[in-house]
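Below are structures written as structure tokens.
Same chain, two partners: chain A is paired with chain B first, then with chain C.
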Partner chain A sequence: MQMKKFINDPHHLLPELLEGLALAFPRQVRLVGTNIVARAVPKAAGKVRLVTLGGSGHEPGLSGFVGEGMLDYSVTGEIFAAPGAPRCIEAIQMAAKDSPGVLLVVLNHAGDVLSANITMQAAKKNNIPVQMVLTRDGISYGQNSDSANDRRGLVGCMAVYKVAGAVAEQGDSLDECLRIAQKMEENTRSLAVALRTATHPSTGHTIFELGDDEMEIGMGQHGEAGTGRMKMKSADETAGIMLDMLLENLGVAAGENLLVVLNGSGATTLMELWIVFRAVSKILKARNINLVRSAVGEFITTQEQAGFQIMIARMDTELVRLWDAPSNAPYFVTR
Partner chain B sequence: MTEEIGKFELTQMFAAAARKIREQHEYLSQLDSVAGDGDHGSTMLRVVQCMEEASHSDSTENLGSLLRDLGWSVMGVDGGASSALLGTFFSGMGDAAADKKSIDCRELARAFEGGLRAIAKVSRAKPGDKTMMDALDPAVSAFRTMASLDKNVMQAMEEAATAAQAGADSTKNLVARFGRAKFVGEKTLGSPDPGAVSIALLFRGFHEGLLQERRT
Partner chain C sequence: MQMKKFINDPHHLLPELLEGLALAFPRQVRLVGTNIVARAVPKAAGKVRLVTLGGSGHEPGLSGFVGEGMLDYSVTGEIFAAPGAPRCIEAIQMAAKDSPGVLLVVLNHAGDVLSANITMQAAKKNNIPVQMVLTRDGISYGQNSDSANDRRGLVGCMAVYKVAGAVAEQGDSLDECLRIAQKMEENTRSLAVALRTATHPSTGHTIFELGDDEMEIGMGQHGEAGTGRMKMKSADETAGIMLDMLLENLGVAAGENLLVVLNGSGATTLMELWIVFRAVSKILKARNINLVRSAVGEFITTQEQAGFQIMIARMDTELVRLWDAPSNAPYFVTR
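This part shows the complex of A and B:
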């Protein structure tokens, strides 16, 4: 079957999509080295820099969060594939120039972690001060307790970029940036649901199969199967099932303050996202949990997969202040 | 009889390994489509191209730095976990290999073990997880055993290739427990891991390359 996507050459997706991003946001980002997205105006000397790495095909993630107040560099891999360590090291070296240190933010996926570990070894050998934080927010269906390493990286990385980016912008130390990033990471959980598969833009194959009347909770970022396959449910029912698991996994008690990010997977309408968000908000209210901050939109997608991720994060005044700090990143502007 | 491996032998080994991969790249991609993106074959094509370029006539005669350079160029293939692991393996081999123009069977065994150690430092994948480690680990063990029995490189490589093949075959009966494939779990049963199959092809190629070198 002919793949229906507006592309040119399935083997030139990465350079073309990056070129488009840089042309669309010339005041925020530019391309450097080999497929590395950097800020158009580098951060002032003497401040910690943030670097992330990851495969493409999840636009606007991850490169859409490069900008003042968030990331300094995004090392992009091919579609759904981690970038190799040499380019990550290239970015770390650029980032380390005139900087007291670099914070490497890595989503917990095998390939990304592998490249990140090799990069960290090389940085250590070259005496470049780098600290790494792994984002492990994605819980599995039906598991109330899990070990952090079992959790995959979903949209939670965005919250880490935001708060750690804000601390770095203040001119705080690498240790302080790491502390904030870890605090955010430890207090964040996400859960994904899908109801329609997507097409891999290089191969033209569907990335998973799902019956017409089914949905699946616990999906990974690349359409990896979850364990919660069930008949389609309404927005309210779906939000209820997912939020129950998230609140239990994070151990949220009445009276606590939460940030909720509702992330569309690529083919879910804003209409649906608002209807789901309404349900999330009502459930939290009924449980006396305070919804202190929220974001609804498409942040990290999986092509034209239909579905969404709910991310919850326990917030204190420090994290809320950093979440509110200014950012001009193309896909997360705050003033 | 092949007693020592120098750049000439390495070139022959890499060329034969590249032929093996080129013959099978479509099959490798097909295997990868069970649990992955279906791009393993094309990743491996780029990996073997690096192997051929690394042993090109202009490159260094120093095996340690040749293998280290190869490792970095393989990591730069950007093919996700498989190129990262193979690149790490070669660069670990380079670190463990003496900076010499030729190495004997025991030294090559130590280099292979150095490659495995380098992987263990960056990846938690273990034999039994249905990854390339299921072929690589037994191949290196077999090679080491033969080296410790004072066998020559040819005999050791033949055993390593056989062990790699058996390891790759054994992944048919395993359920993926590592990487992205683990999330499709049972679906991977009955089909071998593409990374392990690639390792078996590489070692088979290494052996054939040595045989060929002997004939000429």
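This part shows the complex of A and C:
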């Protein structure tokens, strides 16, 4: 069966999708070096630069968050594949120019971490001031005592980009950017659910299998199996199961303040996300937890997978202010 | 087979999805009257109010565009069904309070137009100053001489909301809002393509049928058949076919300035939309047509249908300025 996607040559997905992004948002982003997305108008000297790296196929993430108030550079890999270290080093060198330092934000996935570690070593050798933060928000189904390093990176990276980006924008030091990024990262948890698989655009194969009446909780960002396969549930029931696990894992108590991001995987309608968000909101209210900020949309997808991620983050006054700070990134404009 | 959507009772979709929207964006929108979406903070007296009406199931449209700089009220119908006239009249009466007048923006679909016409008569009887603009951007496949009234409303309404909303925000008269809305409407054309159908969330039935290797150009906003059924084409070829028809229908000449909106139908990835946008951009460049503004994302969907709409609009300095004006609508924030 022919793959039903609007593409050209499956071997040229990456340069074509990046070119499209840059052409669609010429006032926000441009392409530099080898498949690296940068701000169209780089901030003048003296600002800490935020760099991220990761595979493609998750649009708008990660490159959709390059812009004033968020990322400075996004180093892109092929579909679901980490970019190699040489291109990450290329980006770090560009970023370090006229800058007091670089904060590298990396999602916790083996390939990305490997490239990031080589990049950090190279930076050290070249006396480039770089700090790295690993985003480890994705919890597993039924595992409430997981250690941070067991958790993979899901949509939580977006919250780190946003608050660390805001700190960098106001001219703060690399240490301060790192402190804020780490605070955000430590206080963020996400959990994914899937209803239907997607097709890998390079190979034309479906990414996983799921029964006609099944859903799976705990999926990874690339459709990796979760451990929570079960009969499909209603929106309210699904939100309840997932939120229980998230709140317990993060240790959220009554009276605390939360940011909730509801991130569609690709084919789940916004209608469904709004209905799920309603359930999330009601559950938090019943538990006397304050929903202080929220975002509902598609931020980091898995092709046309049906499903979503719920992200919760413990917020204080400082993080709320930085979350609210202005951004002109193509897919997260805030005023 | 069980419907694979995250919902609760299929008979309560509308109130639940609206509640979710209002809970997710409490600083932008709130619910008033009977399933009417209004701004959270209504503008003080003296401003022309923009009201729209239409069925649900197309999220984020239409209610996702209520906010400062765009709509004042969105009157929502059930899934793919026009709201009845009584609720439209209810919204018009709210909108007219302390206002010099109301601009009603209606997508050209039989049910919506019927409700709108009854509403206009009621407003006239009650001496409420209302003007109406009908958005008729959707062209048919292979019909370059269609008359305006043959064209159905597709994503073009968003451009009308944006520019007319900006004029209303700056305190201009109802006549001026109408002039701008009409100018935008007359200069806008859209064309849809589908690759894969979606499931109607109330009935659980698929909306249309399409072969495994087929695509269809000219689809309506609710999955109504187009007349351009053909073998699937590449992103570049599809963009070429569609753009040829759009440019001819609108009569665009070399040297003119265009806004292009690429609107995903629901399940088509942003990766694909960026690749299609790249093609659109190259074709326009080759024809010496200036791409002055663009937007790429999901604005008005058809559940999880795979496909997209290309919208083109002839822009002058005035329309570009209004398109760029700030908006805080949940799904179209501009700065």
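Everything below uses one rule, namely that the second predicted complex is superposed on the first by the 335 of 335 C-alpha atoms of A that agree within 3 Å, B and C clash if a C-alpha of one lies under 4 Å from a C-alpha of the other, contacts with A are read in each partner's own complex, and residues count from 1 in each chain.
Definition applied: a contact is a pair of C-beta atoms (placed from the backbone, for glycine too) under 8 Å apart; a residue touches a chain by one contact, two chains touch by 3 or more.
Please read these numbers as outputs of a predicted model, since none were measured by experiment.
S.K.: Assess the superposed three-chain arrangement around chain A: do chain B and chain C clash, or do they fit?
M.R.: Fit - chain B and chain C, as placed by superposing on chain A, sit side by side.
S.K.: Regarding the shared-chain residue A:Asp236, is it in contact with chain B (first), chain C (second), both, or neither?
M.R.: second
S.K.: Could you tell me if A:Gly101 is touching chain B, chain C, both of them or neither one (first, second, both, neither)?
M.R.: After superposing on A, A:Gly101 lies clear of both chain B and chain C.
S.K.: In the overlay, answer first, second, both or neither for which of chain B and chain C A:Ile118 touches.
M.R.: It touches chain B, and chain C stays clear.
S.K.: Kindly classify A:Gly84 by the partners it touches after superposition: chain B alone (first), chain C alone (second), both, or neither?
M.R.: The answer is first: A:Gly84 touches chain B but not chain C.
S.K.: Can you pull out the angle centred on chain A between the C-alpha centres of chain B and chain C, to the nearest 10°?
M.R.: In the superposed arrangement it comes to 130 degrees.
S.K.: Going by the contact rule stated at the top, is it chain B or chain C that touches a larger number of residues on chain A?
M.R.: C
S.K.: Looking at the overlay, does A:Gly153 come into contact with chain B only (first), chain C only (second), both, or neither?
M.R.: neither
S.K.: After the superposition on A, what does A:Thr268 contact: first (chain B), second (chain C), both or neither?
M.R.: Second partner only.
S.K.: After lining up the shared chain so the two structures overlap, which partner does A:His109 touch, if you call chain B first and chain C second: first, second, both or neither?
M.R.: first
S.K.: Mind working out whether A:Lys5 is in touch with chain B, chain C, both or neither, as first, second, both or neither?
M.R.: second
S.K.: Could you state the shortest Cα distance, in Å, between chain B and chain C after the structures are superposed?
M.R.: Value for chain B versus chain C, nearest C-alpha atoms: 18 Å.
S.K.: Flag every residue of chain C that touches chain A in the complex, lowest number first.
M.R.: 1-2, 4-8, 13, 16-21, 23-25, 56-57, 59-60, 64, 195-196, 201, 212-213, 232, 234-236, 238, 262, 266-278, 281, 291, 294-298, 301, 303-304, 306, 308, 326, 328, 331, 333-335
S.K.: Within the complex, which stretch of chain A touches chain B?
M.R.: Result: residues 55, 77-87, 109-111, 113-115, 117-118, 121, 200, 202-203, 205, 220, 222, 224-226 of chain A touch chain B.
S.K.: Along chain B, where are the residues that touch chain A in the complex?
M.R.: Within the complex, chain B touches chain A at residues 33, 37-39, 72, 75-81, 83-85, 87-88, 121-123, 125, 178-180, 183-185, 187.
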